[in-house]
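Given below, in the form of structure tokens, are the structures.
Both complexes below contain chain A, partnered by chain B and then by chain C.
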Partner chain A sequence: MPDLSTGVVVIGGGSTGAGVLRDLAMRGIDAVLVEKGDLASGTTGRSHGLLHSGGRYCVNDLQAAIECVEEGRILRKIARTTIEDTGGYFVSVTDEDREWEPRFVEGCRQAGITCERISVEEARRREPALSRHVRTAFWLPEDGHLDPFFLVLANTESARRRGARVMTYTEVVGFSRAGDRVTGVRLRDVMSGAETAIACQAVINATGAWSGLVARLLGVEVRVVPVKGVMVVLSHRLAHAAINRCHKPGDGDIVVPALSVAILGTTSAKVPHPEVLPIEWDEVRRMIEEGALMLDGVTTARAMRAYAGVRPLYDLGAEAEGREMSRNFAVIDHEVRDGVKGLTSIVGGKVTTYRLMAERVVDLVARRLGVGNPCTTADVPISDHDDSLDQLRHRPAQLGVPKPHSGEHPLEPLLCECEMVRPRDAAPWFADPAVRTLEDVRRRTRAGMGPCQAAICSYRLAARLVTDRGLDGSQATRAMADFLETRWRGVRHVFWGSQLRQAQVGTGLQMELFNLDRQLAIDGDRPETREPRLPSRRPVPAEARG
Partner chain B sequence: MMTEDFEPVTDTVEEQAPVEACTKCTACNTVCPVARNTEIFRGPKLLGPESERFRIPQEPSVVAGLDLCSGCKLCEVTCPSQVSIQTYIRRAQNKGARERGRTLRDFLLGHTRLLGTFGSLTAPLANLGNRNPLLRWFMERFVGIHRKRPLPRYQFLTFERWHRRHPRPVRARRKVAYFYGCWVNYNERRLGEMVVAILERNGIEVVVPRQQCCGIPAVVNSNTDLARKYGVQNVRLLAPLAGEMDIVASSTSCGLMLKHDYSHLLDIPGAEPLGARTYDICEYLWMLHEAKELDLDFQPVPMRVLYHAPCHLKSHGIGYPAMRLLRLVPGVKVEEVDEGCCGISGTFGVKVEKYDLSMKIGSRLFAAVKAAGSDAVLADCETCRMQVEHGAGASSAHPVEILARAYGYR
Partner chain C sequence: MKTDLAVVGGGLAALTAARAIQRSDREVVLVWPGLSSLYFLYATIDVLGYADAGAAEPVDDPGAAVAGLIKDQPSHPYARAGRPALEGGTKMLLEWLREAGLVWEGTLARNVLLPTATGTPKPSCLVPASMAAGDLRRADPIVLCGFHGYQDFAPELAAANLRRSWRTGNQVSAIRIAAPGFDADRLFTSIDLARSFEDRGFRAEVANRMRRQISGDGVRVGLPAVLGLTRAEEVYADFETALGYPVFEIPTVPPSVAALRLFDRLRKHLQETGVELFWNAPAHAATVTEGRCTRILLKSAGREQPIEARAYVLALEDWVDGALRAGVHLVRDPFFGRVIAEHAVPSQRTAESIFGVQPYAQLGYPVTDRLQPADETGRPLADNVFVAGGAIAGYDPSGTKSRGGMAIATGYRAAMEAMAAA
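Up next is the complex of A and B:
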């Protein structure tokens, strides 16, 4: 018996799934999004955060470049609050880079990308951190920082307001079929293990690098190759604009200023499974060395953590039919290709082009459902939610200072000082049932994303679980430990200099002051404290490990 | 030459680390006298290294709250990671003032030499005016200087002119250059005279080079640009001397600027060697003593004195040489009042909106001074002395005054 019935189930809460959900909702199609983790906890939340002007693709993949140009302009209209309009530079460092330049300029021209050559002196005046290796510079005002998490949240919120539903920490574990038609999905609550089912007319598989695994549940094949990319986060921006190497796209050639940090990236290596993402010291070192060619201060700045994402690289080779094709992404119509009615997959692409991807796949699904309403996502702004990126970047200004003698209330103490998160910034999320872990609170507030990597805010956040959520002490301690564990996974790759000293301070605080590990051992004997747990180390299938 | 016979008491100030070094340990906040006394100040950690991460040179500076930092530098002294907290705060403040324009008060308080020249030329009048309630009302209303804050008295004869007429000693073992600073020049010439007398008594010729204001008043009044200009002038005037002789300063903050802030906070080229040869007067005298060169032929001075260590002295990283020196003088009973910052921090406590806070910060010290009931409170820093006199009604003096008396100077 289905517990719920809807028009379309969207699997995957990354940028693609969120975009699809909003598009469906705006066309008046009833839809439910299911995501096995938190929103944007897959590739989207682990991407580099560059709003591509298209400059990176204009030589090798003109089509992709054109899509970026167009979508970038649309996003600046509809999703302004999730973008930092920084602009970007493409800089040449070596002789080979210089040879790339004419092709780059021509590519920009063909794709319609605004690109201006400026003198190195001028570039350095605007970006004093440009390294002495830089020989030429191009200014591409349409590069920017697109915050993937807030983009997803804005989309799902917009969809929710139009009646769509979002279920996080809910994994699709199977499908129900009637003959050659998919009639629903079987779900499992990741936290409690409880199983439910949804009946629907169509399913959109927007699980990115997981698409193949999800399609396999129905016995059909989607050939995505998971390709890992490693990024290193530095503790402050270094530059105000995005800095790209002007050369054939390669490793470590982009530095994205993202709010209060700079992100160096990225690499590219095939991995056996989307959840097997080891980070090698060599990769971290390479990011820093390459970044230092373009920007001064990369080697001396504090590396806060390293993380890896997995690209859903779609293997075009084997696919021939049933596919509206772009070289950038693919819509796979399983009815045509595999004879499975009601299933469509959307794979590949970028965060930058998520809206276009959604439009394409929903065009197809709507047609199948007999809904004639056209796509309007390019025209209707995603209404602003509270934390626009601009506000986040200007947090110190918002903290303000009450005037002496004015009788204003004294300063609110902060939850997270590094990222300047006030209790009132976090309070709504503690009240939101969709927020299940402190990691989810982090995504929504940035608490714990600064240099100390939650060493200090973790216990304050854990305390809020007691006051706002009614958890008992042991449960809150467990949640704090889980949160620290997720931070630790990124931090341990950059253990040198300041971050090593930082870890020492954090460890002292947690282990010596809070006696955290022993407390966990004591609490561990009490079964009720095992819940709620972060679904952290999800078991990786045996065949994937090999 | 001096450096050969002397080992400095300690390495004055430590290397400074970049903003990245901050480990968020919060030690700085726990010692900040302002943060401890008001709930509207975010404290050094947030306004220094934390905010620094969000500062973007290409965007206007966020200055809210920065003016509440008094500039005492206790945070920097305490930071186990040597983060240049003050540098971040002052630079951001200066940038903000550049962008928004500077206030009349900032201008006046930053230009002590201008005020001093004017004040000393019109000394009797200026002093009268500074105590005239009506004028003080106007100053509070239009300049923002609190009416209850006693202002320094100006003297007609400046130290510079006094020294020009002062006869050089006939024979001297060595020479030392004296950075007297605005305070001695315009307000307390006697202190300068005593410094000269003490040094001469020890066979040292005191050279008084041309000099500019050290710049600290400008630093704490949102104008590191001006401070830098002064610093550059001072480095030009003093660096050549530093090749030949040591430099002493009798004002704690002037000394700190020369020693440390010219090269670190203000990034002035060539300031490092000058700083390396600059000493606080008591530090210098103690070094003489360690080299067995200090004349110990003291007359007893039967006095019970309290010693208050100025915050900026702590930044020198030299301990309390004044205490050690005073213990050499027979009759003197010296005790430290360890009650933290006096609250005035130069021009901070002068301002209308900060006066009460300044008095609150100093209240622990005032209470301790009153309870102790000693003959005088000694402090190396002139504004500390003003504050203790004002807040505790005690009499105060620079420590060298006791030494001068012990040498028979009247």
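Up next is the complex of A and C:
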């Protein structure tokens, strides 16, 4: 017996799944999204957050570039508050780059990307950190920074208000079928292990790099290649705009300013499984060396952490390696391709083009369900319903809290000084049953993402788990330890310079001031016996829910 | 400038060494890079909390446990410093604290078990008298009190943990009061509270508000360590009387009032009693000729200044005060310009878990039996330089909770050796 019945089950809570859910809801189709971790805890939350102008793809993949141009313009209309209009530069530093230029200019023209060649002097006047290696510069005003987490949350909130449901920390572990038709999904609560089932008329597999694994549960093949990309976070922005190398897309050729930090990206290496994402020193080194060709300060700024994401590259049959494969997405109609009715996969793409991807797949599924309502997601702003999304929109580090002693008005208390997060920014999330780990709180507030990497705010957040969430001491302390551990996993790959000093202060606080290692031992949770688990999947225990 | 002896460093090891030299009526200058960023760890002085980093049971008698450790591990910094240095240093420090007007308690023969801000029992050896009533070896019920809007001490979290980790059956509760004159919706820090506690009216009102929420017999009350900044002894005694219950403080995250009191007082006392102090002067190079260090260079007010001494104590807190410099692959010491360690991959410096034993924390100078910095064959780099505290290779005090004791023992021993060598 199913526990729930709906029209469409959307698997995957990344940008694609969230976009699909909203599109379905706006067409009046009843839908449930299931995500095995937190929203945006897969690839979406681990991208650079570059809103692509299309410049990066305009030579090799004109179609992808055109999609970026159009979607970028749409997103600026419908998701204004998730975007910072940084603009971007494409800069040449080598002879080879110079040879790429004519093709790049022509590609921009064909794709309709606004692209202006400016003198290096002018570019350096605007971006003083541009390195002396820079020989030519193009200004692409449509590059931007997109907050991927906020984008996903805004989409799922919008969908929720239209009746859709969202289940996080819920994994699809199987399907039910009647003959050649999929009739539902079997679910497992990741925290409690409890199994449930949902009956539905259609399933949309939007699990990105996992889509092959999910399809396999039905015995169907989706040839998606998981390709790892490593990024390095620097402790300040370095540039106002996104800085791209003007060459054939390669390793280490983007520096994206993301609120208060800069993100260097990225590499490309096939991995056997989307959750096996080791960070190699070589990758980190390359990011820094390549980034330093474009921007001064990359080697001297403090590298705060490194992290990895996994691209869902859809193998269109080409034998090509990593980046050569199309960044375009594919809608796979399993009814036509495999004779399995009710299952559709949507694979590939980018955060930038998530809306278009959703539109395409929902067009197909709606038709199959006999729903004729057209897609309206390109026209209706995401926070159209009311102003209560303001709460989500408040990103203190971005908006700027008055500085202490500025004489404006006195500073409010801060949970996280590095990212200027106030208790009231975090409070709603402690009340939200979907939030189950401190990592989830981090994604929603940025607490713990600054220079001290949670050394101080982890205590304050753990305290809130007791006062605001009603957790007991061991649960709250466990959550605190997990949060610190997750941060540490990223920190330890860039362990030089003042990072050591910072780490010593952090471990000093936890081990010597709090005696946290012994607290864990008292609770029977010795570090050496703990299984390495996926960082974002470390749960606050089930009792903690709402 | 020229001096008999120079001590370099900003932590407890440096203070101990300077004091030991001063007490022997020798001329000493203290080259202080400013407060170490680890200063907050000296809210209490931990000599040996656990026999090893994995031990679950706290050490009861740290003096005896250190003696055992010295016997078993001859190259351990405690063994190099020697038990007499720990004993002599501790005795000297306790006397000094008294003379400087700070009231501390403790003996090497016994650890107390104090609750931390997470509500975890932690073994410490020497503690301010204002913390002593928190000893968890006593069973009296505990009320933990925080302040609305103050996030650096959470009585609810601490109580929740203490209920489990303390002997079962003992009672712990948590309360919060509004700190008079503070708005819970406006930022205030430990320092702001500590300053306010110096005001008698404020203390009386806090006591009033707390008393209204406390009930029960034989109760003791734990607060964040914010009971006064410069006149803490007086503030503590007066507040305890006003409240009518035994009171104890619990150290908090930086800015740590408890540790500030210690360092401020000891530094000032050194200055008042004639020790010359170079404040905010990071030292960064040494000149060695024929096996002896002839001078060190320090940056003072933007200028480079040489200090020529007959012997030197390097008592820097590891990385934190710049004792060692970590490049991507090489870790160097700035004084002798030596490569102390080489790592093909920077993450080798860390354990996979933040709770693991950290290789980076153990980097430092290898030392001789006399605490001279040594080369890889064990020969001293300079006959008249001695190392103390965290800059000694091979140990990480965080798992055993031994930072303070190690600082005292090595600081004291290094001072003795330096005086002998000068």
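Here, the second predicted complex is superposed on the first by the 486 of 546 C-alpha atoms of A that agree within 3 Å, B and C clash if a C-alpha of one lies under 4 Å from a C-alpha of the other, contacts with A are read in each partner's own complex, and residues count from 1 in each chain.
Just so we're on the same page, contacts are C-beta pairs under 8 Å (C-beta built on N, C-alpha and C of every residue); 3 or more make two chains touch, one makes a residue touch a chain.
Only a predicted model underlies this, so the values are computations on that prediction, with no experimental measurement involved.
Looking at the overlay, what does A:45 touch: chain B (first), chain C (second), both, or neither?
neither
Regarding the shared-chain residue A:500, is it in contact with chain B (first), chain C (second), both, or neither?
second
I'd like to know which partner A:515 touches here: chain B for first, chain C for second, both or neither.
second
Between chain C and chain B, which one touches more residues of chain A when both complexes sit on the common chain A?
Here the partner covering more residues of chain A is C.
Tell me the contact category for A:235 with respect to chain B and chain C: first, second, both or neither.
In the superposition, A:235 touches chain B alone.
So, A:212: does it touch chain B (first), chain C (second), both, or neither?
neither
Once the shared chain is lined up, is A:144 touching chain B (first), chain C (second), both, or neither of them?
neither
Output check: A:474 vs chain B and chain C. Expected answer is one of first, second, both, neither. What do you get?
second
Touch test for A:485: chain B only (first), chain C only (second), both, or neither?
After superposing on A, A:485 lies in contact with chain C but is clear of chain B.
What is the contact status of A:459 with respect to chain B (first) and chain C (second): first, second, both, or neither?
second
Report, in rising order, the residues of chain A that make contact with chain B in one complex and with chain C in the other.
404, 410-411, 414, 456, 497, 501, 504-505
Where on chain B is chain A touching in the complex?
Listed in rising order, the residues are 18-26, 38-42, 45-46, 50-54, 56-59, 62, 64-65, 68, 81, 353-354, 356-357.
Using the touch rule from the top, collect the residues of chain A that touch chain B in their complex.
Touching chain B from chain A are residues 126, 128, 235-237, 240, 260-261, 300-302, 393-397, 399-405, 408, 410-411, 414, 417-418, 420, 450-452, 455-456, 497-498, 501-502, 504-505.
Going by the contact rule at the top, pick out the chain C residues touching chain A in the complex.
37-38, 40-41, 43, 46, 49-50, 56, 116-122, 149, 151-152, 154, 156-157, 159-165, 183-188, 251, 253-254, 256, 318-320, 326-328, 344-347, 349-350, 352-356, 358, 360-361, 397-399, 401, 403
For the complex, give me every residue of chain A touching chain C.
Touch list, chain A to chain C: 281, 285, 404, 410-415, 423, 456, 459-460, 462-463, 465-467, 472-474, 476-477, 480-481, 484-485, 487-489, 491-497, 499-501, 503-523, 527-528, 530, 532.
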